[in-house]
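First up is the structure itself, then whatever we jot down about it.
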């Protein structure tokens, strides 16, 4: 292709673009539309979790938008794919704040994307409610627009430790994590707390491995701990626990809320029955959670992923705050919505949520659940082993 | 440092490493076959591999839902499923070559590489799209063939599962078969002739395009078989599962001397052993200062070291530069 | 004359259009297209320089005030242009296939991240950190040096390797750097592991401008310097030596090119560009962790170089722009637009898009389209968008 | 000026060179011998591509063994290749400029600052490239991509590129391969001129016996890695061992010299 | 037997053959002379299908060869010994020979192998040796023997003497004559014009892609222009 052809191509492209001009310029009735954006990985290896966030939000919007629509607003979901990449997340964030109809962001999955992106949201006081970012730094920066409905690593870890030492009364434990912000964070918090309680940690390691856990299991089996903790997500935890069990590891298994998915038993099968996990989402036996699970399954044809419930709750809170600021049909502002969110008292399937001055839930209730069957359809029938409520630590200054 | 423990688990770690190594070796064959003939890294091989795994899981799930899975003899089921996986992966490999590589055969070497990377991205999401429409699922779980889960206790510190043995036996058989095909048959000689000089081969009456397609078919089929075995062994696959094992297998192929079939085997085993020993021993040897998370660093560092002293890999021929 | 008028009109109209429709991605693409047109159009050199200069120096920041997202895209384009130009030296000029290039970017980013944040206190004790924010500027140089040093460290052992063996070793090296960054939170906490480092200080800006504009100009400035350095290297005995190595390493050595020095210099210069941009990146993001430095990022930069045209400076620039704009803008824009149609319940061929199953959510398939574009580009334009052209020179012939 | 003593080189079990001794003080010396006799290997040892197992090579009193090829080039020994190895995608002039690399005294700083020194030096280089092109008869071809040149032109460009390094000793590996007799004759005349004008010494590997006999001051014959004869062309041509191993009877008796 | 007419061949932008027309009759040795780049090898490559002409025709035994891929041209009875021999270095001598007979399904391959070894006894001694380790002369022999394994009716030889010692050149040319004597037609491209004219029946002279001269070998050898340019007088 010669430069002449480049030239003509450019010219052609320009003509085409002019012809299409009106298409990309957005809907005309912006003032009466409220958009709720999600940012999460929708492609790549973490897409399953990211999609859960999007779907949870979608379900909540459809369910709770009635009042807003009555007030004359159209409520729309705008899903963004952050590809789990910080640079993509930031550029999306810039795009989001430029769209004045977007009032709130539900996201992200990865703290590594959430932190730089929320710096951008802060520029325009755009509220963000995170369903999944457990890293302390997310809220410890004390931004007025950043909130989360999930627990912090330094809360959930100790919950697990309390259960292991207090209820299970184990003497030795082996801790493995997935080398992600989340998995390592919660595993370290768990380990530190457990050591304080006098339990011996016989091993603490990380791994990015996803399939073959043989070489990790072999020393665990030799050390024969009473408890194995995996800090991470079900798609790694289940094969790990399964391979460990098959290889003859006799320990009890424990993990964080990343395990809370019916896929956990779908992958792990019989081997993972009896596993404990900590979660902020109420047992599905509670009416709300049960209803959520059923509606989700009905709409999307599958069981909710971890964080789908949290996204649902986060969206519900956002909509509640939106109803507050749009009273009398007045157009909402991001700033007003931000402070309204901080004032919401919401009672849902993850317990009652009220934000403190950093955006953490004032008091997080945690459940320790035990897997009772290898039938994924009956995931909701998992047994509640313990219930704990712990307040988020105050901001370290 | 717990020396006694170290010694006690040694045989098990060795076995773990060998098993992993055979898995890598099987995937590496696809890279090496294609490289041997076209001197080109088929980056999309990880997807060819994972398609085999997906076809396998779909078949097994299909059999299971018809209730045949538990009644049919498992060797037959496994063989059938592997053949199907091989066929699908082989066909995919041939198609990819036809569509995305053949038009680029005369282009500089990096061009097909980028095309292959694009193909890899494309296929990952095509698989995902297909699976999400078909099963509305992201992670798929291999149904267990019960007899394969049986474990044999060889000693008190060493045991092995039936499926691991199947993987090792299958890998050895396929390697032997491939070696025989390439070195002892006319078609194998033709493959080597095309690898060396395409134009001269065509002057012998060899249809070069067909031989190249055949190479992709064989390499792809090996990948497909590896995919099924991978699924049977580890149980869980998703559209992106292929990427990391693919990368490791590629490393193994280079380590052994890319383009060299026994080299792929050796490279796979060396890499498998390195990873297994690093993951099992790192923490024990350093008193917990470093752990299994360093296994890839360890493996890659050894790779770099080996290549520094043997720049063409372990079995790669050191071709004398002719001035 | 016609071309000149067309170019001026094109640039002017498209930038006016951006002001009119600040949310339309198509309009912004039109603006970008007008710059490309100004570059390729047959117009006098001074006019070209004026148009392009005005566009990047004045119009772009102004557009940024209408829509900050565009400025962000432009800044990221700048970052990737510098990366692509750096890799272009290694791969395009010297012909050394490097699949771990992003490692140098990481080295630069971490060097400022550690010292420009309180994290260094964890490492060294005390409360002396973060360094005052003006240290950012010296750190541009430090990041450059550290990255260049890393380039040499990588270069030394791999000098004997060729082609795909080099590729795998650089790939391994890139992974080693990333995994190190991910793991070096124990036994000594150097990188804070997966949790990353934050907050990273941002540099004081000389004028009263926003950080968005500041980083845009910073990136622009570095890109200009990088282009200048790149051109000077390319058009000198050093650049010719690199190309000679690419064409025929053995003959190059026999003609007196010292292979070791030339290759190390290639690695070091390529790495240094990435190092500088790493420092800028870490300050811009305020937060970094190893997720920004994966193998896929290296592949992305390589794709930019090859898509643009190997060994060609305008090629690397256009390649980086196209890939970044494609990823951040076009594919995103497309899926947002489809989403809008869906929300609006538009009917196509009698099918109401609102009923589209979630499996077909367009946002999920951006990478698939990107992959497809890569394949098609390679098949239909393997030499890249702007292939390298040999400079014609006056020779001393009588 | 140039001396190689007892050079021995083996590859695996194969002996490529067996105690070859060779010296040259000026003029044109040819090395002939059957294929695989070790001629190119000897060149590779001379230019530092191979390190001999035993033996010494000195140039103007300096030992060359252990030096890198580029260092040897910098000392003034340059070569061409049997199968042309130009930088195919660079222009003819750029090829020649690469040849000058070891004579360029500019540093990274000059390149980056692009000061007066750089501009002047660079200008002079291009000027000289033009002169060299003209010398080998490639006037006006400077801006052509090497790959697009005709075969004979490529051979001459390779010669010009070697000359660009200002060698005192030039090693030419089958420079007339693939040329007609007429073209070969022109090239030989050029070589003769170079020896006369620049005081170059040339070592030639050749198969074209007419060329060898016409142009050489001395001929060395290798067979199976060993030197089997050496001397003025006429003497070598009549040597029984040479006829047996290499020339064959027809060539020796002068009938239909190929 | 073989007729080329109006052949135009391009390498990218370069016009390599300009309207080449020539003819080879059954049983002949025809030689193509010309300097490097004149288009000799290009002509052979076009005949054997490695290059596609932009215009013009190649007709063999009354059937057009244009557009037919190389491997099918071999099947029709043309074997091409390319420039630089291009044997398969990493294959053994026997495997190289087998590849020569790749398309043959008749049962006489073994017999032909023996015939080839009669012509080139040296190869028989080295049957299992890897071809890359053969000497230059042996490699040339292998290249010719390999081509004969296809039982061609027309043999294209590209520079069989290149890089060989004069003593070997004589042997190779003697063999060519005997191959021709057994009934194989030969089209010979050769740098060594004197040698080529001494065994050929007819010849063509190519310059910059066009035929400028043709005639019997004797006529060409007497032609002043040929004598000056190719015989060096």
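Each chain gets a letter, A, B, C, D and E, in the order it is written, and its residues are counted from 1.
In the analysis below, a contact is a pair of C-beta atoms (placed from the backbone, for glycine too) under 8 Å apart; a residue touches a chain by one contact, two chains touch by 3 or more.
Because the structure is a prediction, the values reported are computed rather than measured.
Chemist: Which chains lie in contact with each of chain A and chain E?
Modeler: Output, common partners of chain A and chain E: B.
Chemist: Which chain's mean C-alpha position is the greatest distance from chain D's?
Modeler: That would be chain A.
Chemist: In whole angstrom, what separates the CA-based centres of chain A and chain B?
Modeler: It comes to 34 Å between the two C-alpha centres.
Chemist: Return the distance between the CA-based centres of chain C and chain E, expressed in whole Å.
Modeler: Centre-to-centre distance between chain C and chain E: 53 Å.
Chemist: Take the average of all CA coordinates in chain A, do the same for chain C, and state the distance between these two points in whole angstrom.
Modeler: Each chain reduced to its C-alpha mean, chain A and chain C end up 31 Å apart.
Chemist: Quick check on chain C: which residues sit in contact with 2+ other chains?
Modeler: 179, 182-183, 250, 254, 364-365, 367-368
Chemist: Give me the residue numbers in chain A that touch at least two other chains, ranges are fine.
Modeler: Within chain A, residues 43-44, 47, 51, 179, 206, 208, 300 contact more than one other chain.
Chemist: Where does chain B touch two or more other chains at once, residue-wise?
Modeler: 125, 128, 136, 293, 296, 321, 323
Chemist: What does chain A use to touch chain B in their complex?
Modeler: Touching chain B from chain A are residues 43-45, 47-48, 51, 176, 179, 203-212, 214-216, 218-219, 222-223, 235, 238-239, 242-243, 246-248, 263, 266-267, 269, 300-302.
Chemist: Quick check: in the complex, which residue numbers of chain A touch chain C?
Modeler: By the definition above, chain A touches chain C via 1, 3, 6-7, 10-11, 13-14, 17-18, 20-21, 23-27, 42-44, 47, 51, 54-55, 58, 76-81, 83-88, 90-92, 94-95, 97-99, 110-113, 115-116, 119-120, 123, 135, 137, 141, 179-181, 183-185, 206, 208, 300.
Chemist: Under the definition above, what is the set of chain C residues touching chain B in their complex?
Modeler: 91, 97, 157-158, 160-165, 167-169, 171-173, 175-176, 179-180, 182-183, 186-187, 250, 254, 295, 299, 302-303, 306-307, 310, 357, 359-360, 364-365, 367-368, 370-375, 377-379, 382
Chemist: Which residues of chain B touch chain A in the complex?
Modeler: Touching chain A from chain B are residues 5, 8-9, 12-13, 16-17, 19-20, 23, 125, 128, 136-139, 141, 144, 149, 151, 157, 159, 161, 230, 233-236, 238, 240-241, 243-245, 275-281, 283-284, 288, 291-293, 295-296.
Chemist: Flag every residue of chain C that touches chain D in the complex, lowest number first.
Modeler: Where chain C meets chain D, its residues are 229, 232-233, 236-238, 240-241, 243-244, 247-248, 250-259, 265, 390, 392-398.
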